[in-house]
Structure formats: C-alpha cells, structure tokens
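The first chain written gets the first letter, and so on, giving A, B, C and D; residue counts start at 1 in each chain.
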Amino acid sequence: MDLSYSDEEKAFREEVRSFLAEKLPKELRDKVAGSDGDGLTKADMERWHAILNEQGWLVPNWPKKFGGAEWNAVQKHIFEEEAAAADAPRIVPFGFSMLAPVLHKFGSQEQNDYWLPRMLNGDDWWCQGYSEPGAGSDLASLKTTAVKNEAGTHYIVNGQKTWTTLGQHANMIFCLVRTDKDVKQQEGISFLLIDMNTPGIEVRPIILLDGAPEVNEVWFTDVEVPVENLVGEENKGWTYAKYLLTHERTNIAGVGFSQAGLNTVKRLAKSEMAGGKPLIQNPHFAARVAQVEIDLRAMATTNMRIIAKAAGGGTPGIEASMLKVKGTIIRQEINDLARRTAGVYAMPFASEAIEGSNAGLPDPLGAGPVAAKYFNNRKLSIFGGSNEIQRGIIAKVSMGG
Amino acid sequence: MNFELTEERQMLQDTLRRFLRDRYDTATRNTILDSATGMSSEIWTELAELGVIGALFTEEQGGFGGKGFDIAVVFEELGRAGVVEPFLDTAVLAGGLVADLGDDTQAALVEEIIDGGCQLAFAHGEPTSRYDLNRVQTSAKADGDNIVLNGHKAVVVNAEAADHLVISARESGEPGDDAGLSLFLVPADTKGITIQGYALLAGGRAAEVMLDDVSIPASARLGKAGEAFAAIEARTAAAAVAQCAETLGAMETATALTKEYLMTRKQFGRPIGTFQALAHRMSDLLIEMEQARSAVINAAGHLEGDRKTREVNVSATKNLMGRAGRLVAEDSIQMHGGIAMTQEYELAHIAKRIVMADHRFGDTDHHLERFIALAAA
Amino acid sequence: MDLSYSDEEKAFREEVRSFLAEKLPKELRDKVAGSDGDGLTKADMERWHAILNEQGWLVPNWPKKFGGAEWNAVQKHIFEEEAAAADAPRIVPFGFSMLAPVLHKFGSQEQNDYWLPRMLNGDDWWCQGYSEPGAGSDLASLKTTAVKNEAGTHYIVNGQKTWTTLGQHANMIFCLVRTDKDVKQQEGISFLLIDMNTPGIEVRPIILLDGAPEVNEVWFTDVEVPVENLVGEENKGWTYAKYLLTHERTNIAGVGFSQAGLNTVKRLAKSEMAGGKPLIQNPHFAARVAQVEIDLRAMATTNMRIIAKAAGGGTPGIEASMLKVKGTIIRQEINDLARRTAGVYAMPFASEAIEGSNAGLPDPLGAGPVAAKYFNNRKLSIFGGSNEIQRGIIAKVSMGG
Amino acid sequence: MNFELTEERQMLQDTLRRFLRDRYDTATRNTILDSATGMSSEIWTELAELGVIGALFTEEQGGFGGKGFDIAVVFEELGRAGVVEPFLDTAVLAGGLVADLGDDTQAALVEEIIDGGCQLAFAHGEPTSRYDLNRVQTSAKADGDNIVLNGHKAVVVNAEAADHLVISARESGEPGDDAGLSLFLVPADTKGITIQGYALLAGGRAAEVMLDDVSIPASARLGKAGEAFAAIEARTAAAAVAQCAETLGAMETATALTKEYLMTRKQFGRPIGTFQALAHRMSDLLIEMEQARSAVINAAGHLEGDRKTREVNVSATKNLMGRAGRLVAEDSIQMHGGIAMTQEYELAHIAKRIVMADHRFGDTDHHLERFIALAAA
C-alpha cells in the first residue's frame, strides 16, 4: 500500500500542467470556469481538439499504431484531474473515445484508414444514435430498422433516435439499427455509420429544462446508407455496443469535475455575505461543504483503487456502477451547494427567447448560471444508465440474484 | 381544533382550481414565459375579477380575507397550476405594506390593486444583504421638505411592470440594525430610478433597481420614520406563507404527475410504478407531502399570532419546505427519467418553481439557524 | 381552519394534568423518565393500571356500557400527550385496547361478562399470540393448529408463537390458530383465548440485542383449550384479527413520546460540555435537534388532522401507515440524538449477566441507558408491520397498483 | 500509487482471518461477554503468539510493523470477527505511548506487551472532557522527589485488567491548554488508585479511575514534563485508525450477513433479496462500503504524514465511518427484521461494535467540526 505517486507520474503531471498553462487559451478557460463549459461554441471545442491533437494528446487512449498515446489509467486520471482543475474544455467523446475503440477492434482496415484521420483533423464531428423514444434504459428494445435494398448496395434506414448530445454540430452519426426482427432482441442489431447530410435525416433540438439546446431527436425516413458503412458483421451490433459502453465508463466518477466544482463553491462562499460574515464561515454551510468534501476524498481514493486495478490489467466490474452512482450524487450535491451559495442572485436567467445571451445578468459573485447548471445536471443520474439501473446491476452481481 | 376550510374558502378554492385547469395549461404558460413582460395581463384581470386579490386583504383594508389561511388557499392553487403572475409581489408584499402602513391617501391605492388595475413591487433586498431583512444600506436623507434616496436594490421581482415601488431605506443606524428603516411609496417613473430588468429561471421577471438622488416628498413615507422593520418582517412572514403554500401546490402537481407516469410508463414489460424501489420512493414522497401540508398549516395558522410564535412557525415551515421541496422536485424528475429533463414537459416548470422558492425570503439553512435562535430566545 | 383547542378540550387537559400531578407515584415517574419505562416491574405496571381504573381512565376507548369513558380522539390524544410529558407508564395495551374491542364486537355476552371485569381488576394479564417464526410480516401464513377433540369439548393446540411482548408476565394469551388447512390461508384461521397455565405451554424469553428480556417465544404441545374460549365463529379469526390491528394503530405516531424524548435530549445537552461549552450551543448539534423538532412539529399537526378526521367520524386510511413510518423515523432519530449527547458515557452497560442492575454505572448526566434504548427501539420500524410493509401499503393504495 | 498489501501483511491477514473464523464464533464470544473479566486470556495469548501485537510496533520498538497499514490490517480482521479483547488499549494506545516516550527502563515493558504477558490502559478522558484531548483537570504536583496525582479519569477501557496505567495529568496551564500535560507510567496497584469497573454495551470492560493523592517517583514520567500533548494526539490518531479499520471489518460482516440473509430468507414465496427496494438498499450499502474502505486507507496511509495531513485524514475518516457505520448497522438490522433484534444472532454484537465506535475518540459531528477547523487553518 502506498498513496503517493511515482516520480514518473509526478513528472507527467508537471508536463500536463505546463502544457495547460501554456496552450489553453484564456477565452476557453473563462467559458468553462463555473459554467462547466456550457457556453462553448462548436468552434471553441474544435479549437481545443486541434491544440490537443498538435500535442498528440487528443486521443490518449488510442493504441500507438493508430496514432494514440497509449496512456495507462493513472496517466489518463492525472490528465483529467489537471484539465478539470485548469478549466479546460472536455474532449467531445463520441468519436474519439466511443466510436474509435469500436473501429479499432471491429472495424475494417479501410474504415480505420478512412475515418480515424478525419476524426483527428476535425473533418468529422460524430454523434451517437443509441437511445430511442420510449426505450428508456431498455436499450436493446430499439425499433429503428435498416433493410438492404434489392441491389444490396445500401441499407434503407427508418426510425427515430433521441437524446443525441450535440447532434446539432455533427455531420456523422453512429447508430444501432435493427436488421433482423425475427430473432431475440439482442441478436438482430447492427452498427452503422451514417452521413447526416444524407436525404431523409432531420435533426430536431430538445430544449432541456434549463433552456440548454444540447440534445436532439434525429429522424430517419428512407435514409440510404452504403453497405460499406456497416461496422463488423450484420446482427453483431449488440456486442460492439456493449464494448463501447464499457469505454464510455472511463472517468465515470467525475472526480476532477467535482474537485473543480467544490473549489468554485468555496471561492464563491468566501465573497458571498450572510449575516454580515462570509458565507463560508457559517457553520451550517461549512458543514455541508465539509461533508461533501469528505465524501469526495474517499471516492477519489476508490477511483484510484479502480484505476490502479485497471492499470494492473484488471477489469473494473460493478465498481464502475458504484462510482457512477456515488459520483453523480456528489456532483449533484456540489451543484446544489453552488446554487445555495448564490442566494437571491441564483434566480436571474438568460432567457434565450428574450435577451438571447447571458449579457446584462446581475452576477456580483461571478457565479455564472449556477441554478441552470443545477437543473441541467439532474441528467447525470438519468442518462448513460440511470442510477436505478446501476443499483440493479450492483445488486444482481453482488447477490448473484 | 378544526382543519376544515370555511365555506367561502372552499368556494374560492374550487373556482380557482377550475379556472386555472381550463385556462392555464403548459402551452399557455410557455407562451407567457417567452413573452417580453413574462406575464399575461389578461389572466391577471380575470383572476382579479374572480377575487384572487381581494382574498389577500382584510375587510378593513377593502378585501374579504387577508388571514393566513386565505393567503394559503389562494397560493396553493396558483402553485398547483404553476402561475407566474406576480400576485405575491403586488398584493401580499408591496400592496400589503401599503395597506398596513399607508395613510388614507396612500391606502386608496389598495382598491386599485384589488381591482387588478395596478402593479406594485417591493424594492428591499440589496446585493450584499442575502436573506437578512435589516441589512439595508440604501440611504434616505432629508433635503428641505423632500427626502432623497440613494442605493441599489437587488433582484426586485416585478419592478419593470410596477406602477409604484415600495422602497426601503435607512434614515439612521447601520446595516444590520432593525431601527432606522423607513418605507416609501414611490411612482416607478420618478426621476433618478433606473430599472435593469431580466427574466427569472422559474418564470416572471425581476430587476436591479438603481436609486440615484431620487427626490420624493416626505408624504411618500409609509408609516413612522425609522420604524418600518416590524412591518417588513410581518409582511415577509405573510409572503413566506404565500410562497410555501404555492410550493405545496406545485409539489402536489409534481407528485400527481409522477404517480400518473409511474402507472402508465412501461419498461421491461411492466408499469415502472410496480417496481418496488420506485413504489417505496413514491411512498416517501407522499409522506413528505403530508409533512409539507402540515407545515404550511402551522405557518398560516399562526400568521396572526404574536411575533415569536409567528416567526418560529415561519422559519420551521420554510426550512421543512426547502427540504421536502427539493426531495419532491429531484425525485419526481429522477423517477420520470429523460422526459422530465425537457422544457416542454409540465414537470420542468413545476420543479423549477419548487426549487427556486428556496432562494427567496431565506433558504432552508437560513431558517434552520433562525429557528434555533428564535427558539433559544 | 383553527389550530387552537376548544375550551372544553382545554379544561379536559387541565383535569388530566392535575390528576397526573396528584396520582402518579414518584417512583413510577422516575423509572419512566429517560428510559421510556424499561425499568418498570410487573407490580409497577399493575399499580398504575389500578390507579387509572379507580379514576375510570384505564379503558378510555371502551364503550360506556362496558365501563369505558368513550373519549373521542382528541381527548385520547390529550391524555396521551400529558401522560408522556409527565413520564407516566404506558398502559399495557394487549388486553385493554387490543383484545377488549374484539370481545366487544365479536365476543359472546358470557365472554364479555367474564373477561372484562377480570381485566379491569388486574386478575388477568393478557399477551398476544399472533406472529410465528419464519412468518415475518406475512401474518396469514401462520401454522399453529387447533383441532377439536372427539368429544368436541376442547381444541388441541400445537405450534409456536414468537415476539410475544411481556409474555413472561401473562397468565392469558389470545391466539390466532389454524382450524382449517384445506381452504385459502385467510379463511382457515380462528381466534382462541388460552390459559397459559394449561399443561403443554412453555414460555422462553428472547433476549433482545440490548439485553432486554421483553419478548418471548411461546410453545404449544397438545394444549387443551375449552371450546367456550373460541371468540366468534370458527375460521372467521382473520376478520377479527384485522379489526384488532386497526385498533392497535391508535397513537401510532407516538408524538407524545417523541416530544418527551426531545425534551430529555435538550435537558442533557444543556449540561453536557463540548469544547468547554454546553453541547446544546454547538451549532452542528443544535442543527440536528432543530431539524428533528421541526419535523416533529409538522407530524404533530398531521397527527391532529387525522385525529380530527377520526373524531369527525372519518376513518384514517393510509395516513396511519404514513404516521407509522414518519413517527418511527422521528423517534429513532431522537434516540440517536440522546445516544450522541451522552458521549463517552453512552458506552457503559448494565450487563444482566454480571452486575444484575443499573446500580454503580457512571452516569454524570443522569441520561439513563440511552445507547441500549437506541438499539432497543430499532424494533419500532420492524415490529407491528415493518416500515417496508407500510410503504408497500401506501404505494398500493395511492397508486391503485 | 499501489493498493496491494505487502506479502507479510497479506500473510498476517490470512492467518488472522483463518484463526478467528475457527476459534471466535458467536457462542464463544457470548461466553466471553458474560464472563466477569469480559475477555479471554487464552485468545489473548494465542493471538499474541500469532504476532498480532508485534505487528502493532515498529522494528525499533521491538515489533515488526507499527505503520498505519499494519494497524489497519490487524484491526480489520479483529473487527470482522467482533473481537472484544483490548488490543487497542494495551498495545496501540498505552503501549504505543510507552514505546514512543519511554526511557530504556520504561520501554522494556514493550517486549512483555508484545509477548502478551501484560495488560495496559490509558487513563486520559475525564467526566467533562467529552472528546477534547486537552481538557485535562487531573493535577500532577511535585512533592519533594515525588509527584502526586489527583483527579477522576472517565470510562478508562481495560483499567481493571491493566497491570500498568498510562495516566495523563496537568503540571501547568488550564483545562483546554495543549501545553502543561504530562504522562505517567504507573503500576495499577499503586496506593491511592481506586478502580470502579463495569461492562461496556459493545463488549469489553471499562472503569472510573479515581486518583487520590497518588504519590509516584518522578521517574514514572513518560517523556518531558508538560509536553505530552503531541504524543497523545499522535497516538489517538493511531487508535482512531485502528478503530476505523475495526469498524470497517465489522461492517464487512454486517453486509455479508445481510446479503446472505436476503438471498436465503423467503417471504410471500420469494427470497426477500429479489424485492427491488431491498436490492437497491443493499446496493447503497455496498457503495458506502467502498467509501468506508477508501476512508480507512486514507487515514492509515497518512498516519506517518505531517501533523496536519494526518489529523485532517483522521477527522475525515472518523466522520465518514460514523455516518457509513450507522447506515450499515441500522439498515442491516432493518433488512433482517426481527431476527437481528435478538442477542444470540451475530449481527446484534457486530452492529453494537459499529455504532458504539462513534463514542470513542470523537463522534462524527466532533470530527466534522474538527475537519472544518483543520482545513481552514
């Protein structure tokens, strides 16, 4: 047992830190600070991707032969921790850490040769076509169909996907589609790459309860997809999907984001006055902050234990589900604290319909839209396998039920 | 001991509930939310005609209610429907202060308010006062026969629409002193008043109100010089009762929507409400609903009591509503799943009303601390 | 709406108060204070019963024709509140408020004439034979059998009952027994009155985790019970049992006990020192106390609403289940606070096996066995229909599921 | 970064777990609990032979461990089996202080301790000190070459069995001062020492120790006069690590028993663990178990760190263990139902160990406040 980082790891952290200090543009940093990056434009995110790509750090999880850095779990953790602390934008994961691993493992040489460079150069913006209306967490019940045409050159895709994050920016979508109705759910699913400029595709924004236009519905009507865009074998899509989901699970605890968020809360509570004293000195408020900080410290260690296990070649089992549940509880609690801290100034709201921007909102603390953030992050415990689903998995596995 | 509504209140409740069910659905409200004024003058007038505003004033003041339970009945229904029109600000807060303290000339305004013909706002909180009622820095200085106001009032709800502002200012003492505070009834278009408006997350609009050498006649003062604190505290208590009742109504809607969703939405082939974990969580919400209803009854029932009894119950109730409200809002969203994350679904607005209520008149921690202090006193 | 008591009710409260001040013996009061009455002997309880009986208040819930006072719900509540505040012993409910109502409604004239006076005079001490090992909350699955003998003069009872509270003091037990195996569970149950001195009955104490010998197992081996001791009709016992359970539900919220407990906590926390100041002045501790006090105030009002409804002839539905859950949560939280308050002095324990008594335990605060009480009262959320069962009832009824 | 046990610690853990599984079942323990001494000298000796005590001292002190993780490994196993023998008091607390501060003569005692040949107790807390380490009133006054002790030590665990007591007393300053505290190593049978013993709810025994003009030679002092506080705080930190690891072990047993019960016990025809509400609660317990394990690692891993790092982690861990422990104990009992309410069932004792740990070395609130103070400092 040893809780300290090795010299190599410490050196790596230094390297990351100086890179961020040097290369992370202030405009991006300011947009991320407090608001968790909700204010970032497509151009902002592409700019950050380019900067990372130039450094060779855009796809740290990729194998070297595909141009990746092959960082181990500890390195990845250090980067995530430092990036969050420096208010760096998050890397948009859909292409780099969700689709790419599937292509690496199941894609053809041609597919890898064609799609990966475009991804790195920012030629393509990928989004994910998994969830469907009414399916909720029961992913395998998907209804979007893909039927091969007479000539066998194309799949004809019909159906609807939903909760497609940042779909409004995307020109490509990877989809789970049903290619066989007559077998049991999991066995009739295929994995398709679809150009969103193909006729018959319509993207409609879903406005979230905080007014954020970040997720979308995507409608498919007789959309023609070349058969070359099938990944792996037909009807094997469920296998690829599950493989992808395990990769989606990295950084699931969000320790870095929680630490950054907690620091923001402390900063705000030092300037906000309550009863003539800084709020941070109020024992009841201080108790809330300390409580979540103590929980976060413990979870950070749990996270490191699992990372060390992964670095040692072990595969995280239900620990991932445990981190998802506890991690979202802690992040949401921190969002709640930020909201409380702002007091009456949490009430103002940049109504898109009217002002069209944050400008002119009173914000003496520089807290940003903390209340909107609080509501937006209710999604953390709902999307990506709700906490109820995770609890079910934990119980099933641990009780062998 | 009697927990039945009087016949009058029962009638008011029924009328109000029916009217809002027919006239104030999600789509209507979302149009109102996207409008520049953030309210519907049509709805305002019709509700005034139904007696909603009159019910908030006593007979002596020209109304037909004004007691804690009258306020609670009205606002529970407004909350149930997620009404965003500023009845609380115009009638309970600013209007109430005019009715409580105003001389005959000033009090004449109350009749206009009850008829729905005029809007008011209470300009009291300041950027550094958070939830403390006595941290007023805005100054009121005599200048010949006139009084000159200078200061910055923060997040003044309904300021843009208001014809008159009730402004608190300090004639003596330091921020944090109860003594030295006065109230002034001032036309909103008085020279030196700048109003910078914006929308609120849970609906309605507010503004930063800047007072630069606002010169008003001494006759604009409401009540005695420097002695306004008691009235401010009492009216804030009434506003807290209104807000807690409104939150209770909103919580009723949230749990009703959730119950309905749990019984209709199917997953893995069964209504999700038949999954025991969700069923038990729903039970816990319903238990907290009873707690919340009782808390509102306690605050409303003691609003006419002596100061300590009144304030102890207000703080106990605000604290409980803050906790129960957050639980109901968050769990209702969680049990719904994705659909509740979308703005077009009724719960989205309702949940925001419930949670954001904790940011006005003191949050759950503020009132826990206050309850401890009051109980110890 | 009106939260104040009527003049009659106020006068009644005064009458109860002066009665308690005058007639409640100091020795009993002292034994109840703090420890919730665990130290009371059989004689103590019988003494208090006699005092109440003399006053005509032993069976306030009985109809006048059976010698009761026919108090309405508000009067009952006032008495319970005052009795708890005065640290009066609780009335042992098994005969007076559980069996008696069943006899009133379903018993024969002879049974009422014979058993009720004996009950009032303290000639009989009744206990309850409902639960069986392994049945848990699934009461109707009971296995204890009663078979009529050839002559038809007696039932022969065989089986086992458990969790029989204060069975060690009892000379009579009322039991649910199975008289027909061939019909569905609920329809083959009968309600028998059994003399515990009959040969074949054995009572074994169950020591609870805090060392308290308050519940028992009762074993029946070929126990002969005269047929006259059958209440109502054979195989109709389940109906009577359900009727009894609704009566068991009175004072379910335990508001009075919680108020008394909270007052004790405050008293202790005024003398216990922490960091050189009285514990009650510690903001974190004060917050815990205030939080539960606020919840209790609200529940007290819920309780009154239901009582008013009952006094108005309405029947409480799932509100009773709601009060059971919230009431036990609050009482257990107060037990937890009392334990915390005592600090290091919560650790000592009067081990029956050794000292045989509380004597000689250090207790500078006069807190009593607060930790033992905390553990003992875990039973509140388990016995009498666990909180999980109650939540199930609430969900079923309210969602019509 | 490495979370694997060293080979030695792994071996110690395996041996210990096997031994206790075979030799320390519920029945055995209940006999020990009912015995007059509240402990088994046989178990004590055998565990000493297994090296349990040696593992708690460093090599310089004559042991083969003594680091935070050594302590954690030993006490997690003792906790898993619900062991009530006073290893914490004899070895970690009193023995540790002798090893840390003792001169050669005094330190000779450590070898005896490691061999299991002697019992110690740390007489420090007082009736009004609650959880504050520096609120010592007991006085130490010079009397010629001797020192005279007077005072009342509260709930001194293992005092009756102890051959020697380590007694804290004040040579200068006021209760609440760190400075002025000294420690003395005193034979328990010294004239003027009265020991009033009693059982503890969670097992083991303690006593009120009365010191009436206890006259001892100056050579009985451990370390420098008036400078003992730092050593007391450091040893209490080690004791807290031991106690938290013990609680973690006990929580492992509680959750294991609960899991097993949920899968075997049937109600309404199904194993109750298949009822979703219980399944999800079980998941929450397992999540808190991971939190608790990490908290213990944090405290153990920083026990050799600088004072602030060490104490921040100790307070964070004690606070978390207090909360997680209560949750696990209460929910394990609740999910079991009646059976867990009976003394003869293993969980009864385990739950008491978990909950009552919050009453030694500071409870969850005490350490929350301390964490806030330390973090702000």
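Rule of thumb we're sticking to: a contact is a pair of C-beta atoms (placed from the backbone, for glycine too) under 8 Å apart; a residue touches a chain by one contact, two chains touch by 3 or more.
Note that the structure is a prediction, hence the values are computed from the model and not measured.
Novice: Using C-alpha centres only, name the chain that sits farthest from chain A.
Specialist: C
Novice: When the centre of a chain is set as the mean of its C-alpha atoms, what distance in Å lies between chain B and chain D?
Specialist: Computed from C-alpha means, the inter-chain centre distance equals 53 Å.
Novice: How far is the middle of chain C from the middle of chain D, if each middle is the mean of its Cα atoms, in Å?
Specialist: 38
Novice: Whole-Å distance, chain B centre to chain C centre, using C-alpha means?
Specialist: Taking the mean C-alpha position of each chain, the two centres sit 44 Å apart.
Novice: Could you say which residues in chain A touch two or more other chains, in rising order?
Specialist: Counting only residues that touch two or more other chains, chain A contributes 283-284, 287, 388, 391.
Novice: Mark out which residues of chain D touch at least two other chains, giving numbers and ranges.
Specialist: Only 276-280, 368-369 qualify.
Novice: In graph terms, nodes being chains and edges touches, is this line, ring, star, complete or other?
Specialist: complete
Novice: Inside the complex, what are the residues of chain C that reach chain A?
Specialist: Interface residues on the chain C side: 283-284, 287.
Novice: Hey, which residues of chain D end up touching chain C in the complex?
Specialist: My answer: residues 33-34, 36, 125, 127-128, 130-132, 135, 154-155, 175-176, 196, 198-202, 206, 208, 265, 267-268, 277-278, 326, 330, 333-334, 337-338, 340-345, 348-349, 351-352, 355-356, 358-360, 363, 365-366, 368-369.
Novice: For the complex, which residues does chain A have touching chain D?
Specialist: 1-6, 9, 74, 283, 286-287, 290-291, 293-295, 297-302, 304-305, 308-309, 318-319, 322, 325-326, 388, 390-392, 394-396, 398-401
Novice: In the complex of these two chains, what residues of chain D are touching chain B?
Specialist: So the residues of chain D touching chain B come out as 275-280.
Novice: Which residues of chain A touch chain B in their complex?
Specialist: My answer: residues 131, 136-138, 162-163, 206-211, 272-276, 279, 282, 284-285, 288, 336, 339-340, 342-351, 353-355, 360-362, 364, 371-372, 374-375, 378-379, 381-383, 386-388, 391.
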